[in-house]
Each structure stands twice: as structure tokens, then as C-alpha cells.
Amino acid sequence: MSKLTFSIGGIHPADSKLARESKIEVLPLPPKVYVSMFQHLGAQAQPVVAVGDKVKAGQIIAEPGGFISAYVHSPVSGTVKAIAPRKDLAGFGVMHIEIDVEGDEWAEGIDLSPELVTDIPEDREFILNRIKMCGVVGLGGATFPTHVKLNPPPGKTADCLIINGTECEPYLTSDFRIMLERTDEIVVGAAIMQKVLGGCKCVIGIEENKPEAISAVRASIKKLGFPGISVGVLKKRYPQGGEKQLIDAVMRRQVKSGGLPIDVGAVVQNVGTSLAVYEAVQKNKPLVTNVMTFTGNIVPSERQHNYLFRIGMPLSFIAEQAGGVPEGTVKLVSGGPMMGKAIANFDATTVKGTSAILCLGEETRRHPETPCISCCRCADACPMGLEPFLLKKLYAVGDTAALEQNAVQDCIECGCCQYSCPAYVPLLDNIRMAKAQVMGIIRARNAKK
Amino acid sequence: MLVSPSPHLHSPASTNGIMRDVIIALTPALLVSFFFYGWSQLIVLTVSCIGCVGFEWLIARYLMRRPAVFNGASALVTGILLAMNLPATSPWWMVLIGALVAIGVAKMSFGGLGQNIFNPAITGRVFLLVSFPVQMTNWTMPVYSFSAVDAISGATPLSVLKEGLKSGLSIDEILAANNMDMSMFMRDIGGSSGEVSVLALLIGFAYLLVRRVVKPWIPLSIALTIALIAGVFHLVNPAHFTGVGFNLLTGGIALGALFMATDYVTSPASVWGGVVYGIGIGLIVMMIRYFGSYPEGMSFAILIMNCFVPLINKAFHQKKYGRA
Amino acid sequence: MTETIIWTVSVLTVLGLLLSLVLFWVARKFRVEEDPRIDEIEKTLPGANCGGCGFAGCRAFADAAVKAGNLDANYCPVGGPETMKKVAAILGCEVKETAPRVAVVRCNGSCANRPKVNEYDGAASCKVKSSLYGGDTGCLFGCLGCGDCVAACQFGALSMDAATGLPVVDEGKCTACGKCVAACPKRIIELRDKGPRGMRMYVSCTNRDKGPVARKACAAACIGCGICAKTCRHDAITVTDNVAYIDFSKCKLCRECEAVCPTGAIHGVNFPKALDKEAVKQRIAERKVKEGDASTTVGMTEKKEAGNE
């Protein structure tokens, strides 16, 4: 079978999957956890516990603050110490619930046994409700509430469910590890989502640099015997895991500008989400744990880890468990090196979507900007077919009409342009600003209509 | 700790790396021209490079007062290209004037690297061609030693032809009388030093293709356009119009199409824009060759098409995702 | 030869005549009737096209002024009262007297006062930096130091002070056009009345965090203690969201607030003499004692009167 890939742009950064051989380890509990009320895309969650309350692990401590929002559960058992703003990893104040950890007692009705449950409930509403009540959000990066995404608006049906196991970002190995160690659960999770979407076909997309995962998932599909699920082998190319790029690669369809994947009959979910859906529906276990990677090019090989963490753990605590931040680290990143966020506050805590702590050495420091020589490598690299060098110039002169005409709002902020620029122009830094400006104008115009 | 927006990785590519690749790609052709023209070529090259880098530094430092504008590697490339566009017999002061026009007028007055509209090296060459027509058209015939004494002065194949056609001879008669054949592909062409071996230029260009520094579309469209026009005209009247091979191998076509027209700054951004640009250059070159009074038109063609690049960039864009 | 010359001359003459006719026709056909006063006003204006008046350029301002027929809503901050008087003369209307203003940078976060906690490595733009994270110091409200305001200023009135890392306003060049105010993502620059002979008071901090947090981030932060507001006899100072603000229309430049401020967040500039803090504090204390006496005596008389009835 030929390998799939998307049609426009893309880059080939070095793989650097340094932690791929490290098995998933369970982190010990810290003395205190701080659970953010912004664990997801959309409205802030509203706390439903009060200071002094005793909570158990898996108990709801905050409810959705809007249609696009999600439940937040306590990751530990203990006492609520405070509900107050605390600095997140960017240093901005965000509402957190502080819990003193006392023992590890889980709320009733949660099945913590490791047995695989393959019987999928019949009732679609029951499944969707479980996913919602367990606070499942997309774990591929955007943390969009999963129950909203699995419930297409009337008149739109899904032709294909794509499970994203590409993990195209360098360094990250958490998805790879769960595909090896939690294979069956992921496949059952995929089958559950397939059922919710009305029995469309399902493709689990995995990049060719993870052959072990490809064979493991294939074997599991064969063993479990769910119909309509297959593995799509993808070329190694960044940003293969971008929602729009993955749809293009697997279905040969392109989402119209401003449109949603469901417009072309696609629903994309991450493998991590698939696992969370399995745990929510089959085990009634809320999303309070996830797998992350502790890695980096200057981290010695014996200190590369894949951890099962609980939400609300301070990042500095996790680094301590991994033997500390290695000497020579100049930048800490939460997430992958292409789209992850630099950590300004190491006391910030894990959230549902945390995928990695990355320790980068001196080579991550930026070079001084030099003049653009119009080599157009940025335009060749852009997976959306934009012309970043042009967008940057238009932003500099403030021509918002031309920016919109040149589709700045289509930018997915993947960073390919800035990565490939030989003149070290901070293209994405500027385009992000331009995009925000143009999106604001578009929203204001739509609101008027 | 550092904090910055994503991405946190950067590819190994750099502007200076690209310039280094271009210089490497020009080396085979330079070596061939040293072999044929000897010391005089080396002197022209040295003066041109020192002139270009020096003027760039002086202008950035003292006229613009923005030393950061100075980019030595790109000035060096301009210097090499200018030297390859001049006859090996050019006096040093003429080379220096060419360097001043290339760097001072065509590049720095627009704001330095990345801002210029016209290719600097070609602007320098055209300025010299118009100002000093005698020195610029009195080419040295290639000889095979480093002793410049026995260099023979002569005309380029194209000017020989033009003269011959004017005096009413047919092409075959002229070619026969001057002993010209396919050896032009390898060597043996009277002309600017960079034009002597198309093969050496092609080897250099292949290196750039492998390193993914340039894309082949612009040179290809230039070559195809020239081949098409030359083919049609030659079929119609072989006695008056030269053929495909002759047109592709003579003059600055190879140097111009491979190294000058592909200059990032002064060529269109998109693939199809590049194709249009290449077709334009091909058309203008052939019009000048067949109907103009100059024997050669590559420099003029590139400069004229340089003017259209902003327009071409407006008309042709990258193919966008989800916007059929 | 002569023939050639004659032909050349005649052809060019005829061509010139024909083309001038075309130009004449086009000029007539596409002529736009405009109030001549617009041109006149535009000539009077500084011509910086800075947008400080709220219009796209000087001509747009002139157009709007002529259409409105008065200058009630339009003011050119760059030209100032002189220019506005001339414009008013053209329009035949009155101009309101407006006190000249100047941009004031309200941040004390110099390198010494506000230690860096990380190093910013992104594009040199305050806008990019502020959208990315809280900043490279502990203060979420202060100057980011990338110089967006300097880049926005068309009059060269702003420059970054390398020693403090803060922008400095050249009062002679500042025209109070407001470009820098709009460019600053942290909104620390404010247009304030220039004051008599340039003397003015302002709180050079916008940190809305609670006192201890603000103090930890910056040694010269306003901690919202409110001593200045209590000291002020002119009701000019208000404390909202843990930060004090001096209303320049009420301030009488007594400098008492500056003397009592525990962190030095309040600045008085362009005063002829340096502030003698101790003397002012003593003055306040004496006054307090006097007032205290007065209030107690008043209280006592009232009581007496009450007792009498």
C-alpha cells in the first residue's frame, strides 16, 4: 500500500524521538495539586466545590462554563485548600483549585481494573453523556471538548473518523508509547467513536517512523475484529498531524477556508483522546490522567521518560522526578518543539492536554534577523499554501484588507515558515499578530450581519 | 531561561549558507575561465570581488549609516557574477566602475540586500556595455595557457553572425568561414569569461538543484521558449535565422538563465510566475537577437523582466489549501 | 537634413498640441468641485499625516472640519493652539482653548527596580511579547521594553534608555498625537496636561496587583496603600484596583504625595527645586496636628451646644 501524505508544503525536521524506548511510568503524587479551570478550549470551568471540602479522585470539582467547555474532576483525594488565581505557564493569572493530597481514594463507580471491556454500549446518547461527564477533551493539542466534536450539527454526517497517531512533532513519544502499551484500549475507543458517528469507516493514521506501533495496532484490530477500522500508513512529514493536513492525506479532501472538518465528512481525534474515550465510556473513569514525555536533546538517555501524570501536578515536581532539568538547558517547552509553548513559570501545573516537558539546549536560541531575500522557502514550506514573507510585509504596513485577501486567517501556526527561513525572520511571530487582527475584523463583520 | 513564541527549532539553512552554495556552484565555470584566459581573468575577478564587497561595506557604513545592512557573502556573489559577465581583457578601472554601479546603484540605493528590483551584476554589466562599447565587445578568444601574451582578440559568435548577416551572407557560409561547431558546448567561445563553458555552468547548476537552493522552472522555461522560437524561425528561413542549439549555447544564455535569472530577490515568488518570467526573458532575447541591433540580449531581457516581477507576483500566487 | 529637422519639429508640435487638448478635456471632464477652504486648511496644518486627530491624514481632517463648519470635535494636537487659531480664522469660528499635552510613561520598572526572571527571545515587538506571556519580569503590567512606542512615534520624540530599559519622552518633540498610547499593549503611556512650565505630577506605575505582589515584582511599584490619597488636600488622587491615579485637572502641584509615597512611585517633573521630603513630611505632620486640634475643638463646641439644648 502506498504511503499517504498531504499535498501542499511541509518540512522534514529531524525526528529526535529520544524517549521512544522508555516505558510509561506512573508518577508519584505530589503533596499539593493545583487544578486549572482552563483545561480546554472555550469557556472557563466554574468551580462547584468550596474551600475545606473533602474530595475524592475522579469527583467533579468544576462544571462547564458554556456550551464549548468541559467538566473538570479532582485528580487526587484530599481537601480543597484554596480557589484562587495562580500563574499559568505563561505567567498569566488563571483560576486554580488547590487541593492537599491525602491518600489516593477514588470516587465510587469508577472501574480501575485493567481488564479490557470490548462490549460497546448500544445507546448513542449514553456514550455521549459519559464522554461529556468525564470531561474528555481532544488531546492532540487544541483540547476541544470531544462530546461537541462527536455530535455533528444536523444535516452533516461523518464519512470517515480519522484517529491521529501521527505524532509528527519531533521529540514527542507519548502517543507512540500508548499505541504500544494501550493498543487494545485505543482500538476499542476508536470503535466507540465510530459507533457514535453512525458507523462510518475509521482510519488510524500512523507515520512510517513508528513501525512497531503500526504492526501492534494492525494486530489488535485483527484480534478484536471491529469492522471498518484500518491503519493508514503516512509518510514522515511535518505537520502531518494537523487536522486539515491529515484529512487531505487520508481522504484526499480539503476543508474550505473557515469551514469545519465535518463539512467534508471528516472527524479527527487523537489516539490519546481515543484512550480517554475508552476509559470514560467503558470504565467511567474521568479524564484526570494522561501520558507525557520528559525529553530534550541535552537530556541524557537514561533520564528520558514517558510518564502517566495526573492533572494539576507542578511541572517542576515532574522534572524533579525525572532527575531535574539538565545542565545547559536554556529553554523549557511544554509540548513539541514546533508548536509547544515556552515555559515562563515552571511552577505551573499539568493540564489535560500537556504532552511533554522539553529541555532544549543553546541551539534553540534565535539568530538575529537578517533581510528577507525572497527565497520563498517559507511559501514552499507552508502547508496551507500561504506566502508568509508577503504576509509579514503586509502586516508591517498594516494592510488588513490585503492580509485577508492573502488568507492570513487560514494560518494554522505550525511554524514551518519560521523553521525554514534562512534569514531568521520571525515570520510566525508577526503572522500570528496579523491573523489575530484579521480574525477580529472578520468576527466583527459577521456579528454585524 | 529563554521564552519565545513557537517554533523552538530552526532548520540549518542560513542566508550565508545559500550564498556559499552559489559560490561553490560557480567554481567550475570560474576554473574553466581561468584555464582559458589566465591571469587577466583572475585580475578581473579579484578587482570585481574586492570592489563589490568594499563598496557595499563603505556605503552601508558611511552613506546609509546602518552597518547591519552590509552582507559580505551576497556582495561576493555579485562580484563573481559581474566578473563572469565581463571580458577578461577589461581594464581594472572599468571593473571597478561596474562594481560601483552594481552595488551602489542597483543594490544599496534600494536599501541593500533583498530590496533591489534589478539584478545588481547585470545592471553593472549593462552600464559598462552602454558606456564602454569598444572594451566590452572586444572579446579575447579563449587560449589554453596562463600566459596572457598570446591571447587573440576576436568577436563573439553572435556578433560575427550579425556582421555577416548584415553583409548579406547566409548562416552556413558564416559558420563555415569561422569554423564554429558544437564544441561550443564544452569551451572555445569568444565571449564574456563566464560564458566559455556551458557544461561547467550546468554542473554548477546541478549542484544547486541537488542542494535545493534553486528550482529548475525559470531556466527551463527560458530554454524552452528560446528553443521554440529559434526552431520555428530556423525552419521558416534557415539561411537567415540561426538554429536551436546555436542560440542556446551562445552568448550569456546559460550564465543568465542558470545564475542571473534565478536570483531570488529579482525573480517571481511562485512557480507559475517563474514560468511566465522565463518565457518573457526568452521572448525578449530572441526578439533582440533576430530583429534588434545588438547581437546579444540576455542582460537586457533579464533587466526588462525584472521590472515585471512585482506585477507577476501580484498575478500568480501559491496554490492555497481549501481554496480551489 | 533640413527636411528632417522640419519634420521632427512639426510632428512634435502637432503631437504636443493634440495631447494638451486631451489633457484639457480630461481636466474639465473629471474635475471634482471642492471647497477651496479644504486646501487652505490643509496648507495650514503641519502635514505630518500622523492621525493624531483621529482622521486618516491632514486632508481628511481639513475635509471634516470644513464639513462640520466648526472645530468643536476636531483638534490638531501636533499644530497646537497656534495652528488651530489659523484654521479657525479660515473657517470663521471659535476654537476652544486646550491645554497642551504630553505623553507620559507610567512605569518605574527599570532594570534595577524590576529584576528579570527570564529572557525574551522572540520578535522585538511588545505586541508579540505581550500576547505570548506575562513578560520577562514579575510584573504583568509594566513596560515590556521592545520599543513599539518608539517605532510608532513619527516625531522622534521617544527613545529607549539603555540604562533603564524604559522609553523616554523628549518633551520638546512630543506633539501628543497619541500614536504611542495606541501602540503600547500594556497601556502604560498616557497623554497628560503638560502643566505650568512643564511641572506635573503623576503616578509612574499601573500595577493592579495587590501590594505585596506588586512590591515583590518591582521595588518602585505603586502598592495601592492610599497614603497619597489621604494626604492630598485637593481630591486629586484616587486609588482603584490597587493603583493610585492623579487627576491632572485637580492637582495643585504641592508635591506632598510624592514626599509620602513609600515606594517612590509618584514622580514630579520639571520642578525648579529638588524635593525636600523631610521638610514636606514635617509640614504635613504639623498641619495634621493643627487640623486635629481644629476638629477636636469643633467636636467639643458641638457637644457643648448639644448639651445646652
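Order of writing sets the labels: A, B and C. Residues in every chain begin at 1.
Keep in mind that, in the parts below, contacts are C-beta pairs under 8 Å (C-beta built on N, C-alpha and C of every residue); 3 or more make two chains touch, one makes a residue touch a chain.
Please read all numbers here as calculations on a predicted model, not as lab measurements.
Participant: When the mean CA coordinate of each chain is compared with the mean CA coordinate of the whole protein, which chain is closest?
Facilitator: Per-chain C-alpha centroids ranked by distance to the global centroid put A first.
Participant: Applying the contact rule given earlier, which two chains have the most C-beta pairs between them?
Facilitator: A-B
Participant: Quick check: how many Å separate the C-alpha centres of chain A and chain C?
Facilitator: 44
Participant: Between chain B and chain C, what's the gap in Å when you average each chain's C-alpha atoms?
Facilitator: 54
Participant: Could you please state the distance in Å, as a whole number, between where the Cα atoms of chain A are centred and where those of chain B are centred?
Facilitator: Here chain A and chain B have centroids separated by 50 Å.
Participant: Multi-chain contacts in chain B: which residues touch at least two other chains?
Facilitator: Each of 1-5 in chain B touches at least two other chains.
Participant: At which residue positions does chain C touch at least two other chains?
Facilitator: 118, 121-123, 128, 132-133 - these are the residues of chain C that touch more than one other chain.
Participant: Would you pick out the residues of chain A that each touch at least 2 other chains?
Facilitator: 331, 342, 344, 365-366, 426, 429, 432
Participant: Give the list of chain C residues in touch with chain A in this complex.
Facilitator: 117-118, 121-123, 125, 127-128, 131-135, 140
Participant: Considering only the defined contacts, which chain B positions touch chain A in the complex?
Facilitator: For this pair, the touching residues of chain B are 1-11, 13-15, 17-18, 69, 71, 74, 112-115, 264-265, 267, 269-270, 317-324.
Participant: For the complex, which residues does chain A have touching chain C?
Facilitator: 87, 90-93, 331, 342, 344-345, 365-366, 369, 426, 429-430, 432-433, 436
Participant: If you look only at chain B, which of its residues touch chain C in the complex?
Facilitator: That would be residues 1-5 of chain B.
Participant: Along chain A, where are the residues that touch chain B in the complex?
Facilitator: Touch residues, chain A against chain B: 8, 11, 13, 170, 244, 248, 254-257, 259, 329-333, 337-344, 346, 358, 360, 364-367, 370-377, 379, 382-387, 389-390, 406-407, 410, 413, 415, 418-424, 426, 428-429, 432.
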